[in-house]
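So that you can tell them apart, the chains are marked A, B, C, D and E in the order they are listed, and the count of residues begins at 1 in each.
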Amino acid sequence: ETDENKGSSVNEAEPAANETLLVAAAASLKICFEDELIPMFEEKYPNIKVDATYDSSGKLQTQIEEGADVDVFMSAAMKQMNALDEQELMVKESIVKLLENKVVLIVPKDSDKGITAFEEILKAETVAVGDPDSVPAGQYAKEIFENLGLWDDVSAKSSLGTNVTEVLNWISEGSADAGVVYSTDAASNKNVVIAAEAPEKSVSPVIYPVGIVKSSTKKDSSKLLIEFLKSNEALSVFEKYGFTSLK
Amino acid sequence: MDWSPMLISLRTASLSILITFFLGIFAARFVIGMKSDKAKIVIDGLLTMPLVLPPTVLGFFLLLIFGVKRPFGKILLDFLSIKIVFSWTATVLAAVVVSFPLMYRSSRGAFEQVDKTLIMAGRTLGMSERRIFWRVVMPSALPGVASGGVLAFARGLGEFGATAMIAGNIANKTRTLPLAIYSEVAAGNLEGAYGYVAVVLMISFFVLSLMNYFTIKGRKYANKDEEK
Amino acid sequence: MSLLVSIKKYYKGFTLDADFETDEEYLGILGASGSGKSMTLKCIAGIETPDEGVIVLNGRVLFDSVNKINLSPQERNIGYLFQNYALFPNMTAEQNIGSGLKMTKKEKKIKANELIKSFHLEGLENKYPSQLSGGQQQRVALARIFAYEPDVLLLDEPFSALDTHLKDKLQTEVIDILKLYKGEVLMVTHSMDEVYRFCENIAFIDRGKTVLSGKTKELFAKPNLFAAARLTGCKNISKCNVLSNHQIYAVDWDFIFETEELVPENINYVGIREHSFQIADTADVKNTVVCKINKIVEEVFEYTIIVENMNQKIRNENSEMLFKVSKDEWNKRKNNKYLYLNVPDDSILMLN
Amino acid sequence: MDWSPMLISLRTASLSILITFFLGIFAARFVIGMKSDKAKIVIDGLLTMPLVLPPTVLGFFLLLIFGVKRPFGKILLDFLSIKIVFSWTATVLAAVVVSFPLMYRSSRGAFEQVDKTLIMAGRTLGMSERRIFWRVVMPSALPGVASGGVLAFARGLGEFGATAMIAGNIANKTRTLPLAIYSEVAAGNLEGAYGYVAVVLMISFFVLSLMNYFTIKGRKYANKDEEK
Amino acid sequence: MSLLVSIKKYYKGFTLDADFETDEEYLGILGASGSGKSMTLKCIAGIETPDEGVIVLNGRVLFDSVNKINLSPQERNIGYLFQNYALFPNMTAEQNIGSGLKMTKKEKKIKANELIKSFHLEGLENKYPSQLSGGQQQRVALARIFAYEPDVLLLDEPFSALDTHLKDKLQTEVIDILKLYKGEVLMVTHSMDEVYRFCENIAFIDRGKTVLSGKTKELFAKPNLFAAARLTGCKNISKCNVLSNHQIYAVDWDFIFETEELVPENINYVGIREHSFQIADTADVKNTVVCKINKIVEEVFEYTIIVENMNQKIRNENSEMLFKVSKDEWNKRKNNKYLYLNVPDDSILMLN
């Protein structure tokens, strides 16, 4: 998994001329990218400017499939990255599993349903999860509940969010009694509390991979960016926002 | 293909166009009747507002009003046992809110185009303002009002962002056609999406045709030729 | 029934200043095009709001700018026949006629049918205004306000679009209908005959101002004002100088009239109706003009003879006089060499 | 607060309303001029279609057309070197597509309300159809057309779903106000969202007021009272 | 200049069947309300499309149902004065007048100003139609088509909304303008005087059908048809039986007229104009009716005397006859006991 590390050197030459990279990143990464990481990177490499577009990973996948001129893609799950990779749209060697996020069960702050574990999910009248077909967080939720043998019952009372924000808002406003999101999302909203973390082994790890899009014409700069994201400096920022670094 | 989104959408769109239609007309009538041009402009701005906000954000604001933890939502729940969020009612609410400006604005334009002399004629004939409105102004404004209706219906049928936010996306309950389409598209299941798209287009096509037909028929007095 | 109107309304370039009173009779309103007749009716009906003044109907104040009273048209119960009809385009003739009625559908139908007969609209019940001819539209509009039976009827040129035969017929019939009708009628018209036939009282409007009002016959006989004379169809009007208590010099015609009547001081014009001239055999009688014939225009039953004072010294564009004479009389006249036109004493209209 | 979304939105909304305005009017004129009622109904259905699809889905379809791998997008790129996806142009495209039906439908209704006699009068005076349209029909239909303009502008300003899909959400480039609002809400940063909401409302309010003002002024001939 | 119209148009309850030809002269169209006058003009202007027939102007086919020719109104170059004016509400009077002109702004202004003067619209240049009175609107509409200078002018009751004075003035002026104008003029009017004054030729339309056309004066003198007689203002028309080659029995009046002229066989009606009667001193002259006076109606310059045959045996609602006489003559008549009304021989209108 650290293949590409070998070939690349942190000191690889910056481009002579100014270049602008376009990063497509999962929506959950927007704040740490925009507020900290990109400014840091741009300061380090004044010749490289970074533009970023944020959306749900699935949508970004579609956009890349349709030829959007993205240089670097950072997804919130392996599924999208793998799908692109299978279509040979990614530079295979560039893909790095960078971060891990935790899947958590959340409830509204003053919930009186007494839900404290994934197993107790059926106490909820309505459950909010991402749409497993398109939202990574939903896929993980489905996986957990399937492992617990509860998925059929849960899905019957579930509202399927088209993105994590929706799920989060549903719970924070009490529309749903419980739901599944990432710990980073949970941290961003004061009106929800984490009721439980996903039990060990109940779910495959939530991996945030990053990689270079094959059609990119700025592979060198892209490499520099990925190297930067892998640096301790960057990883500590990610950790500040609740991610776990995978290095 | 699952047919429940279609049924839900049909019910939602029907009820919401009914509400929007009359609400929009009344709002238009009210604004036109206002004496002060300034107040008119302000109210107009307020009533058109729902249109400039992304539906999701609009849905979010609706959630802040109707959410069970918010004062208004709480009152509804505690005193009337009405829970808006995640209910079918919410799909109607969302559709009404997003389509209202279309109906309001179109019918306002249509009413403003009506010859004032006719209104005056009605008054001197002792017709009540209400009667004048329904018997004189409305028929003359029909094309514009119908346009508003068409737009509002289509918009209500296609509503997605605000609906998802306040009504959720619960199969057999609040999953409307647009939500179903979105899910399929997002999941990359294009065939499934096309099926739903076809259904939504067929519905809208059917309803638009009906509306067109009735508008053309209802305006026969404007066509000089009577059938021979 | 009594109606008092005393209002002002200011427009850019036009001021309406209507001021008249009428009791229990039909009032005709005469005025040149654009003089403010329709505007006056609109103010009475409540369609336009005067800037100041009062309108009182049977002691009921409809409008009073000082006391801020302004009844809605509905409250006024006044019917207004719009000059351009203002029929509802989306209603059939019958529906238009019934539109002001507050009764059951059945009663409405009966009433509407009655009026359809009165106004000779049989067979057109189900046509929309766009499918009706101009005259038919006018009759539907008439039927519509008659159906409504308001306290006051304001008719703005009610018969202008009808052919002669129908007009005659309808006028007679409307007079009959109106006899049963206990309300006030104000009628704007350009037809002298109509005024004469319908209205015992008359008001003249000149450039927005009510300049004269009174009994129709008296005012036709003695219009007193230039504008009134012209509006009552007097075609020959000359500027004049008062020479003495019994002599007027008609400037445009270069002729001195001797009058029996005392000439008022403030006289500026003298008028002679085209029917007033009498063919004389000599110029010996007083007030006989020796005329040169400039042109003879043939009309249906008459000739219009355009003449000029033979002894005219200074001519101007207003020097010609019009004289109407039946074809019979003209052909029978004896003296073909000169045309002596005598003006009978009571036919000299003294105007200011 | 970052002002770039405001500038981007302003530029996008201005250009797109310009395009939509004329496109909608021409479409309306075209449809009204059609002889066959059936063809009319079909075309009307097609032109109103963008309204019934969730904007995201619409955006997806746009992506299928303009994506550089798709025939049309390829032609644009290869022959004209125009790349739509993820460009500012795409924000305009999205705004035009979603707001078009509003403009088209409203102005169609407005045109249909215009008194046919006036058109005939124009013809007998030898005025060209074009001149009749712009000098006679348009002024009479102004209130309805203006309504369409207001709706289209507001809708274009508020457009989000299709924009996100085809233009992306790139700061300083394609992040319009609605996207910014959405991003802030998504990030749980409500204060930030409110700021942008305030801006978007202010813009729309300002523009609507202007439109209202000009419509009221432009119709002075309909108000019987001239200033004294 | 020549115009040939031969068209049919079918409506529910109404069929237009217009058929006439006219060369180089002014044609007046007379017809009752709703008889199809406006419709005929609209078909000629290209506003309505006939169901069958042809319209040919100066050899140029404007419409031909068989050969599927149907020129657009623009290509026809025909001006139509709409009965309801059809002014553009969003244009000022001046802009309305200039709307059909294809020239520079400056030239337009000059031309428009000329017409504004001709039609006495000074000071109203910048007013919108809604700010104009009915008569002012009519004049703007007139000015507008005169500005456009089409090959054919179709005038639908062009002076109906004007006061007498202005109407007289404008009519004379329009005649002057028209003299310079080399086109065809078709004029619909309800005013006999207008037809008589303007139009050498005349066409009568009765319930959609052109029933008669020819020289105005001849047709006024001998209308031949019931409808034509009525439209030319003949008020007294009775059903009749032809008794012999020189005798007609007027059924409604119970009177036998002896005629000098040979009575055509297909005569159904006999008509006498109200001005045709002569007061006689005895009943000895042939065709003198001994009359009973039912009513005297005073008009401006005349009396209308409503009479009945004294010897009438069977009365019906149509038995009364109207007789118009100048006030002078009436007052001067000698025999006050009986009223003997003589009908001169050439005043007996034989109609079918």
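Heads up, the rule we're going with is that a contact is a pair of C-beta atoms (placed from the backbone, for glycine too) under 8 Å apart; a residue touches a chain by one contact, two chains touch by 3 or more.
If you're wondering where the values come from, they're calculated on a predicted model, not measured in any experiment.
Shared contact partners of chain C and chain D, listed by label: B, E.
Of all the chains, the one whose CA centre sits at the greatest distance from that of chain E is A. Rounded to a whole number, the gap between the C-alpha centres of chain C and chain E is 22 angstrom.
Our note on geometry: chain B versus chain C, Cα centroid distance of 55 Å, whole angstroms. Note: centroid distance chain A to chain D, computed from Cα atoms, is 35 Å. The residues of chain C that reach two or more other chains are 11, 84, 127, 131, listed in rising order. Across the assembly, chain B contributes residues 56, 60, 140, 179, 182, 222, 224, 226 that each touch 2 or more other chains.
Shared contact sites, meaning residues of chain A that touch two or more other chains, fall at 59, 62, 169.
Every residue of chain B that touches chain A in the complex is listed here, in rising order: 56, 60, 63-64, 67-70, 85-86, 164-166, 168-171, 174-175, 179, 182-184, 186-189. On the chain E side of its complex with chain C, the touching residues are 11, 13, 30-39, 83-84, 123-124, 127, 131-136, 139, 156-157, 160-168, 190-193, 196-197, 217, 220, 230-233, 235, 273, 275, 278, 297-301, 326, 328. Chain A makes touch with chain B in their complex at residues 56, 58-59, 61-62, 108, 110, 126, 128, 131, 133-135, 155-162, 166, 169-170, 173-176.
Chain contact summary for the complex, chain E toward chain D: residues 45-47, 72-74, 76-80, 82, 84, 86-91, 99-100, 102, 127-131, 144-145, 148, 150.
Per the touch definition, chain D reaches chain B in the complex via residues 37, 40-41, 44-45, 48-49, 51-57, 60, 101-102, 105-106, 108-110, 112-114, 116, 140-141, 143-148, 150-151, 154-155, 157-161, 178-179, 181-182, 185, 193, 197, 200-201, 203-205, 208-209, 212-213, 216, 219, 222, 224.
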